[in-house]
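Each structure below is given as structure tokens.
Two complexes come next, and they have one chain in common, chain A, joined by chain B in the first and chain C in the second.
Here is the complex of A and B:
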């Protein structure tokens, strides 16, 4: 029950605002260009950005632990090219896709182990593995005698249909996204792992002293983000019908944008999966709508960047103001029980702590 | 909690109103600009990436031709050369009701799915500059075959170095895996072996990196003191090699290759290099739109057919085999640019890309 409450309470805040933005987007862009509003179009066009959401969801979990995974783009490339190269060497395509996912998991394990073993900043470690995995991907593509420019094609129709086909009128990409999102929502909000992951981000020392298996949880978080990137790599290979070693090269920044707009704190401890799911659509439709309104790609990027900066500052400003108001109210009422005693129990306390430390 | 959510919502709406304000103004200016083209068929002209002089000029040529032929040509592209981004852009164009899509593809096979989807909706799909597998498009507007461009490299060097001279020559381009440049270099090497007394002593690669291009060229020149000609058929390798000649103060070396006039202008003006080649990309954009116009008007073009284009003369549809493909079909082929350009001190100021 607590879980459901926490989810609801979260939804009443930032997530609620995101839903409002999403609705306003649809209305405004629909007014600007009626073609935008076509329901079939709205649904089928999501295939162009949902894969970013599939990477962003588990990355959100990593960021809630206070970490970050810069290497996701390279893991996307790695899983795509492993799938392609093993297929080109005669392996059944479905087995090849599993091997692609396995390669992604191994990459995630390498990230997690390196971070836990060295205690170094996750950004530094994954910055390094970003180049390592990207290089591996290009190197592996040589095993199939293709240049990174060409990509591996000739994939079977049944595999290509995974990313391009429809089931009962709904694009497969949407169905896969729904399943993946549901799984990650349960993992973060409904399991001990999820709660502990978030609390590690809120206060790593307290988490360690409380006897959390910090090492295991950290490694698991990086495994999950690698798995998300691996799924996206295999899906994109199917969607484009071509396995490429550079497919994830420009993916990091769009994915980070989703996570941040989704309301996940860069400092860990805060955020919900629901927020990231809604942010995926908010940003996806924002970019589409701006294109439909006749903007060039650079103008869309400017609008996107502006939105990111605005959101980041709004998040701070609104939570700061809300905090001030709450403190004023608290001062007017009789003093409540001291907050230090329950330092690991409610989201309000996390907010207090994090605003103070900043 | 109420206050928080109210705050979030109000500020968020304000932010969106701001964004909407921006797009509103863009939309109106757009509408004014193409008011007469409201009913004109929409044609998307897509580069590998934007912000590069070469592609911007191609786009300018295409948009100018659009006005001439009564087509609503829009030049749309992403600043990143990425397959996923191109697919997304093409999807957006399909959804906006484009009747033709002309693309310089980042990948020979990565766009096939989206192109097949477009063709299933009777949208005309052409490629320019960089092709996809022929079964995924109708026509490719090509700058020249490997034979033509390889021979052009040797011809540019022949002006100063006689075929019978026993001299050392070398190649410098992007990477051993770049399909088109490799084909040109292989063809040029074949001509050198068959028709001249020149010896190819080395081939170096600079991976599209400006600094590496200068370093590789300097190393190449220092390692081969008797080198007379460097062939640099790459937009990065050519200026890099020219820069290396300037920093080493060598004037006895001939460098020829392919790059864009705006990049090479200082080296031509200083006399470091005498000539280099490319094709007129503005005309390539024009040609692509002219062909699109004829096809949209219902004209059938098959291999061997010839047709007239205002300002470009009579053109012929070549079979896919000129580019080394096996696939041939009706309404499918390659349209070659009638000529390529050698830029020298005399004509370089006529070009701006």
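Here is the complex of A and C:
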């Protein structure tokens, strides 16, 4: 109980910090360039990065189970090119989009089954499938004689409008992100699946011994992350009005940045969807703001990489310092008399006293 | 302990796989195994083999380095611009290698003293180093490398480019360092059990920094080979090659759980990948299936490894039951743990047999 509370408090603090950073960003970039604060521009600019959040949210669930999915970028490409090629062969565009999502789900199923069957590190398995899926995407587009530079264009306007249009003044991309985020937040925080997934990451042995369907939950987590990547692939195809086989090639780093800055531990069991949602905006607005402040694309990349490393390092050091301070306070306090018969507390108090007298 | 034999078996599978593959393609297309074509393949393996050796060093310490592609581009651009501006080769080569080692050391320090998980750290520098190399050249590629440097790539000894001889000598040296010296054993100990290694006096942080620096230095060497072979370097150079390097190391039997694997295996993993992708055109498969082939080989290697490991575990268990119970081993009830519990248990144990 206490552990759960401590985790919750820590997470709340982290998300609070993210909100503060977000507000600081808006103020600073607004001061540097007042055009940044234009509400309409601010909202419409989110379409440039929200699709990353759609991939990052389910990836966060995978990472909470202690796994990782390196192949997400390739799944984005795969779903995009399947959508494009089936459309180019005369399939209705909406059915084609569904086939794209289905391809993504199959990819996720392959990931999950391979990880469960071999028991190998998820990073190597998804490294292998990263090549496999990217290769399949390029292969499919090669078989269909698609030019790798132009991709498949000529998509119908109604489909292109999904990624570019607005509904009641709000860009569709934002609406889709809100819906997806709400679904994943409920899945992780409101269902048995979510709680079990988190415990598998925190302590796989305890999870297995308490009778969780570890296999099923693991496979489900990879299915979800593939679904997120598939949705992003179809959405990007609509947003860019073209299906390309290399669309997700460099997507791993920005997506992992969101997940890590969102407070999800690389070792599983820790993190919240809300954190990842806020991180999506923190990083998105950081990049937009830096561009508005006149930085070039490569300078933004350097700033982004530096921020990722610094945040990850600061997280460990702040929690470590907090822990040290807490221990010092506990040591300074007068030790209570141990509860009689408690074999656990006895030696602990002895240790405390001996350090005190030293 | 069966571990040494097991280690050897891991590489034997890769080496045998690569050789069987070459022979198989050679039977189908005799032109493939002509000496000239084989030297061409060896020549194009050099860059990947150097990077795979670096990846192996880092993975053996139970870390991962995904920044080598960007390190290669950045050091290549620095070295290329210096050569173009007339700095002598004798100065450029050590400077570039030191620069690579420095970039790698940044990763190592971040991982050890900064406490950043290695994949996060190196993903950060993957983006940052690539960004810096764009800023340095403002997006242009570096061309006009002097002919005397490019000559290195076409100089041959016994029909084989000197670069191949040099890289082989370097990799053999690294193998000996890893297997015969104290530092090499400390590197393995760090990856196998960091806390235990620290307790017996291994400077684990130092070993991790050394591994990352070596990976950076090898990436810089790969950049020099790139400069000599291609004669120019763009900001896109080496994009995505880090994953191929890691794949080569894993195919060669280096376990991501740390402490297991050799440079020899990683080198042959690289040879396997290059022969497989370059043989595609010989057996009539379009080149765009290359990535699919790499992925399939990697997954096959992982499945084979899982089977071997499960078999060994079973043999170990039955030997133990034989010892404890005497007489013929009965199939014990706990021989096959519940499949649901197995994968996750293995994962937390790091998958080391």
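Details
Following the convention adopted for this analysis, the second predicted complex is superposed on the first by the 312 of 358 C-alpha atoms of A that agree within 3 Å, B and C clash if a C-alpha of one lies under 4 Å from a C-alpha of the other, contacts with A are read in each partner's own complex, and residues count from 1 in each chain.
Note that in this section a residue touches a chain if its C-beta (ideal position, glycine included) is under 8 Å from a C-beta of that chain, and two chains touch if they have at least 3 such contacts.
If you're wondering where the values come from, they're calculated on a predicted model, not measured in any experiment.
When both complexes are superposed on chain A, chain B and chain C occupy overlapping space and clash.
Legend: residue contacts after superposition of the two complexes on their common chain; A:316 is shown touching chain C, with no touch to chain B.
In the superposition on chain A, A:249 makes contact with both chain B and chain C.
Of the two partner chains placed by superposition, A:192 touches none, neither chain B nor chain C.
In the superposition on chain A, A:134 contacts chain C only, with no contact to chain B. Looking at the shared chain after the overlay, A:327 reaches neither chain B nor chain C. Legend: residue contacts after superposition of the two complexes on their common chain; A:301 is shown touching both chain B and chain C.
Of the two partner chains placed by superposition, only chain C is touched by A:66; chain B is not.
Contact with chain C, but none with chain B, is seen for A:215 once the two complexes are overlaid on the shared chain.
In summary, superposing the two complexes on chain A brings one listed stretch of chain B into steric overlap with chain C, and the stretch in question is 260-268; the others among 188-196, 260-268, 278-286 or 314-322 show no clashing C-alpha atoms. Within chain A, the residues touching chain B in one complex and chain C in the other are 249-250, 296-299, 301, 306, 317. On the side of chain A, the complex with chain B involves touching residues 9, 12-14, 16-18, 20-21, 24-25, 28-29, 32-33, 35, 38, 41, 45, 47-49, 147-151, 153, 160, 164, 236, 239-242, 244, 246-247, 249-251, 286, 288-299, 301, 303, 306-307, 310-311, 314, 317-319, 321-322, 325. Chain contact summary for the complex, chain A toward chain C: residues 66, 68, 70, 114-125, 127-136, 138-139, 141-142, 200, 204-205, 207-209, 213-215, 218, 249-250, 252-253, 256-257, 260, 266-267, 296-302, 304-306, 308-309, 312-313, 316-317, 320. Those residues of chain B whose C-beta lies close enough to touch chain A in the complex are 1, 3-5, 7-9, 11-13, 15-16, 18-20, 22-24, 26-27, 30, 50-51, 76-80, 82-85, 87-89, 91-92, 95-97, 107-113, 117, 133, 175, 177-179.
The touching residues of chain C, when paired with chain A in their complex, are 64, 110, 114-117, 119-121, 123-132, 134-135, 139, 239-240, 243, 246-247, 250, 255-257, 286, 288-296, 298-299, 302-303, 305-306, 338-348, 351.
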